[in-house]
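There's a structure below that I have some questions on.
Naming follows writing order (A, B, C, D, E and F), and every chain is counted from residue 1.
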Amino acid sequence: MKILCINPNSSKEVTTGIKETCNKYPLTDIPLEVIDIPESPSGIETYQDAALAEKYLLEKFFTLEKSYDGFIIACHSDIGVDVLRELTVKPVIGIGEASMLFALPLGHKFSILSLKEKKIPQKEDQVKRYGLEDRCASIRATGLGVVATYQDKKEKLLEAGFKAVKEDGAEVLILGCAGMAGLDKELEKIIGVPVIDGVVSALLLMEGFLRYQLSTSKMRKYL
Amino acid sequence: MKILCINPNSSKEVTTGIKETCNKYPLTDIPLEVIDIPESPSGIETYQDAALAEKYLLEKFFTLEKSYDGFIIACHSDIGVDVLRELTVKPVIGIGEASMLFALPLGHKFSILSLKEKKIPQKEDQVKRYGLEDRCASIRATGLGVVATYQDKKEKLLEAGFKAVKEDGAEVLILGCAGMAGLDKELEKIIGVPVIDGVVSALLLMEGFLRYQLSTSKMRKYL
Amino acid sequence: MKILCINPNSSKEVTTGIKETCNKYPLTDIPLEVIDIPESPSGIETYQDAALAEKYLLEKFFTLEKSYDGFIIACHSDIGVDVLRELTVKPVIGIGEASMLFALPLGHKFSILSLKEKKIPQKEDQVKRYGLEDRCASIRATGLGVVATYQDKKEKLLEAGFKAVKEDGAEVLILGCAGMAGLDKELEKIIGVPVIDGVVSALLLMEGFLRYQLSTSKMRKYL
Amino acid sequence: MKILCINPNSSKEVTTGIKETCNKYPLTDIPLEVIDIPESPSGIETYQDAALAEKYLLEKFFTLEKSYDGFIIACHSDIGVDVLRELTVKPVIGIGEASMLFALPLGHKFSILSLKEKKIPQKEDQVKRYGLEDRCASIRATGLGVVATYQDKKEKLLEAGFKAVKEDGAEVLILGCAGMAGLDKELEKIIGVPVIDGVVSALLLMEGFLRYQLSTSKMRKYL
Amino acid sequence: MKILCINPNSSKEVTTGIKETCNKYPLTDIPLEVIDIPESPSGIETYQDAALAEKYLLEKFFTLEKSYDGFIIACHSDIGVDVLRELTVKPVIGIGEASMLFALPLGHKFSILSLKEKKIPQKEDQVKRYGLEDRCASIRATGLGVVATYQDKKEKLLEAGFKAVKEDGAEVLILGCAGMAGLDKELEKIIGVPVIDGVVSALLLMEGFLRYQLSTSKMRKYL
Amino acid sequence: MKILCINPNSSKEVTTGIKETCNKYPLTDIPLEVIDIPESPSGIETYQDAALAEKYLLEKFFTLEKSYDGFIIACHSDIGVDVLRELTVKPVIGIGEASMLFALPLGHKFSILSLKEKKIPQKEDQVKRYGLEDRCASIRATGLGVVATYQDKKEKLLEAGFKAVKEDGAEVLILGCAGMAGLDKELEKIIGVPVIDGVVSALLLMEGFLRYQLSTSKMRKYL
């Protein structure tokens, strides 16, 4: 058995961050591979980025589907997750959905720390599509781009995270971009609430799905 | 001023149907052009179809944007509408959204007559994204494909339409696919409730938007 | 064919404003008449005003119904729209509903700029009745009465409008009173987001409904 | 102290039924008077009936306000309740709202047994305006008019009531018209779930409000 | 006939406050007894307190059920209400639910003035369980414990109450703890909106339920 | 590290079923213990059962908390989960919540196959408390008790499961009682959609939570 974790953009920095994160939480039995999509934009900040990334992901997927047993989309907007679920019966998990599922049992409401203001409406649509709006305290823009220095990420995530907890009633925080991978535990210690990274959540969830031999329902939506 | 109506699939039959529909409701001042996307799938029934169509639509759009003043996406799933709104400040209207907006002032709740069972969850997601779930009585599958004979379309739309009115409490019906264009008034006469075609709705709405000089908000979502 | 636009209050100032607005967006084919209800209160700010205006509107309607093909109620609270839809099969559009429908395709969420604080709960009920609460960022009181000086209206609408955009996440603004007609484009230029006037929206929507030969559903609610 | 119970239609039969119902549950301390509005329609089945009844109710109210300490509107659609709350600080209760409030502590979900099919959308709007849609199992049409024979009422209420319990999961039933007064306990015995009459509920609630010296909030909505 | 009002904690101060409140609104026909549960925690601030109180309440209930005709749980979290409704057909009312039902006909939205921050999520769950989230303007923490000095309670309730009215749009306020009994009318005079005490509401509602001979539905939930 | 899985009732049959299920999905690193609560009722079918079980669970928990690193409550109603989250910072997962979280990424909507009709309202409350009502197609009663023969369970689960898929649009099914453990894969093969067992889901989720070193938020709700 083998899991494929796809960073649907072309940023090597993000891919490296994902790899480092995966190595911190070794899957005991199931080997993991991390790739990115070199044709894709370097970050997915716009609807245009998303449309292009989805197309390249889709093309690549046909050559990859047979060699793996589960697929993780390492983009917090869960780009292409619906398409891939349609194309394979094997489990497909997006890090956005996974991060929210991991947040739910840990507290009353979560907040998502996202990139620019522009992302907020899109994140609202995403949360609503999963039916989780009642559990979402807020979506906070940090002003960050997909790629940023560690120090910049840390400062802006701390600022937005503290506001989410104090002003919006968040009890759990979610890192709203794969590019934020690796900051979870450090923020957790400073802010004092659980901070969820979607890559880790998706990996651990996927491992569970594979052990439990779960596959995507082919009844209607993903037929 | 000029409107472009894009059928994002490659079916000439559907494009012809759209053209005929447009001619039935002549726009007095604003010329209209109807095109399709020859690289696209012949119908958009799956998430894969949608992803491919969106990509080809996007590529084509860059060469078209300057020559028109408003854009209609003639696919009831409103493929690519978010992307195009991001790429231009000119108004962009999908026939799915337009059909629902036209249905609202005519009755308490509408039902959408869609294609296969598989489409129902996707239509539910779409209605919810527009925040209109409280006004939607039901989404009914007809079992039709994008392309079908006139007789087949009529029979299956009548059957699903009567059920929507009698069992689900629909007061208005919506044709849930551009391929159903042209059947609205005939169904209306037989079933006895307004039947809305999204292409007509989008055209008339677009004409209004252009006269009123409305453009897409560039505040956050479509920046 | 002829459209009747009814200002359901008795303010000549408001009627004149509506007429001027209508003339800015000439309907090419369909003549339009604007009247008010001289027996009505001079503005509709209370539930009592609404009840009285509805009664006088209803009485007048019996003598008017035959002479027109579509009816616009030029009061943002959509006074009497349900009654009129019951009394005629011809389309009836309120400027409140029309303004919201026009706002939807232009951005993620709209805010309504209303009159006094007292109006907010009533507007909340109205938005909820249309099932649009998920698309409404906020309802902001300007403190204005139905009749006010141009300068006063402009200042207070700008103040409330900027707050709606910056604090509530509005991407589109709606003028929440017929008495605000004529300020849309000026506010739009200053605030930088689309500003929707309900009178214009209702006129353009009505023109579309008449061309498309749509009539009110007589299935249940408006039988 | 004195309570006024207003039947906002002109049907003497309905008024007599209300009086008999009131006498079954004597208010120990607070005298009660029951009147109807002779100028009103004989039953409130349409939006037009409602608009007319509201106008006549309003006119009459100015001469009545001073002589009573609390007002009950004995129409299940709660005609005029908002207007009256605006016109007086004394408590005003509609039998529709009261019946739902009494139903809530008795079971998981209630169903409303209403008159014709046409009433269902209006009842849906009413339940939603009170924010109680999650507690409402269904609204069932009996096909009854406001005035009907006892036997006809009983048969049709039993049929709709059993369906609500068996098919919709109702645990409590509500009589959806003042004209159904007096059938509650008989239906209760046969169907085996609590059956709520709005007139009784409103009377008992009003007595409580008067003892507790509660008055309508004049903060925003009813100022 | 006899009503039992159970304070499910062991605080004599709270019990005394409840008794004094009950005496202010004498039930004309129906005698009332107030008890507490000496084995219970002295206040119910945590889930643990609630679980223990529910257990002791349940044990005591078996010996009490036969001697009374209606039961009031004088804890604003409505501890044990579901259990007791299952164990008896006689009406059971919690002061939390009763306070919200009494607030509804008095204004557009209510706010609950609760104890510590920790209570807010639990109150949100409670309001949502009753399906009343659309009518709830906010839940405000006062920082109070169950037992506090009169002066401390008054000051903190005033502060939170004014904020609820001015910042959250509350038109009615609810005392969110049985330990706040007796402050309603004083706060009402100062803040200028109705202030609802749940103990009084539950008593008056129970009197109504008993006169109307209402009992808990045994159809599904409370079988 | 060690996980404790608590069956909060006293049925040895259920405990044995849980143990067998756990053994089918061996946790590679983390030892697991399964216990029941001998003082508890033999099954949790009523609110009374739940209150008693919660109390005994709570008492036992004080002696267990130190010896384990994560706690699973093997009752689909998630009895005591809120209390335990308050008492420890270590992760606590109920099999009800876990089963729903595992169902979400596999299809559009899930249905819960529960025991008797009486359970349906309680399950509705539970789904709503988690904010997942939009993802829940239906809750179906099987008529089963907590303990039943394998053949009886299989037949009734198949009947309810097929109805959920065909009539309610379920794409994923959830076993709504710990006593149904072990039937997941067999039903899955026959019905053709994923069937989720909460015990397995909770185990795999807990393993993920422990590896990721997640703990319950102590910000407000569970402080």
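By our rule, contacts are C-beta pairs under 8 Å (C-beta built on N, C-alpha and C of every residue); 3 or more make two chains touch, one makes a residue touch a chain.
The model shown is predicted, which means the values in this text are computed figures rather than measured ones.
Enquirer: Common contacts of chain B and chain F?
Expert: A, D
Enquirer: Suppose each chain is reduced to the average of its Cα coordinates; what separation in Å results between chain D and chain E?
Expert: That pair's centroid distance is 26 Å.
Enquirer: Provide the C-alpha centroid distance between chain A and chain C, rounded to the nearest whole angstrom.
Expert: A distance of 43 Å separates the two centres.
Enquirer: Quick one: chain E and chain F, Cα centre-to-centre, how many Å?
Expert: Chain centroid spacing, chain E to chain F, equals 32 Å.
Enquirer: On chain D, where are the residues touching two or more other chains?
Expert: Only 108, 120-121, 128, 134, 169, 171, 220-221 qualify.
Enquirer: Tell me, which pairs of chains are in touch?
Expert: Those chain pairs which touch are A-B, A-C, A-E, A-F, B-C, B-D, B-F, C-D, C-E, D-E, D-F, E-F.
Enquirer: Can you list the chain C residues touching chain D in their complex?
Expert: 46-48, 50-52, 54-55, 58, 80, 82-83, 85-87, 117-118, 120-122, 125, 128-129, 220-221, 223
Enquirer: Flag every residue of chain B that touches chain F in the complex, lowest number first.
Expert: It is residues 120-121, 124, 128 of chain B that touch chain F.
Enquirer: Show me the residue ranges of chain C that touch chain B in the complex, using the header's touch definition.
Expert: Contacts found on chain C: 25, 28-29, 91-93, 97-98, 101-102, 104-108, 130-135, 165, 169-172, 185, 192-194, 196, 200-201, 204-205, 207-209, 211-222.
Enquirer: In their complex, what parts of chain A are in touch with chain E?
Expert: 108-109, 134, 169, 171
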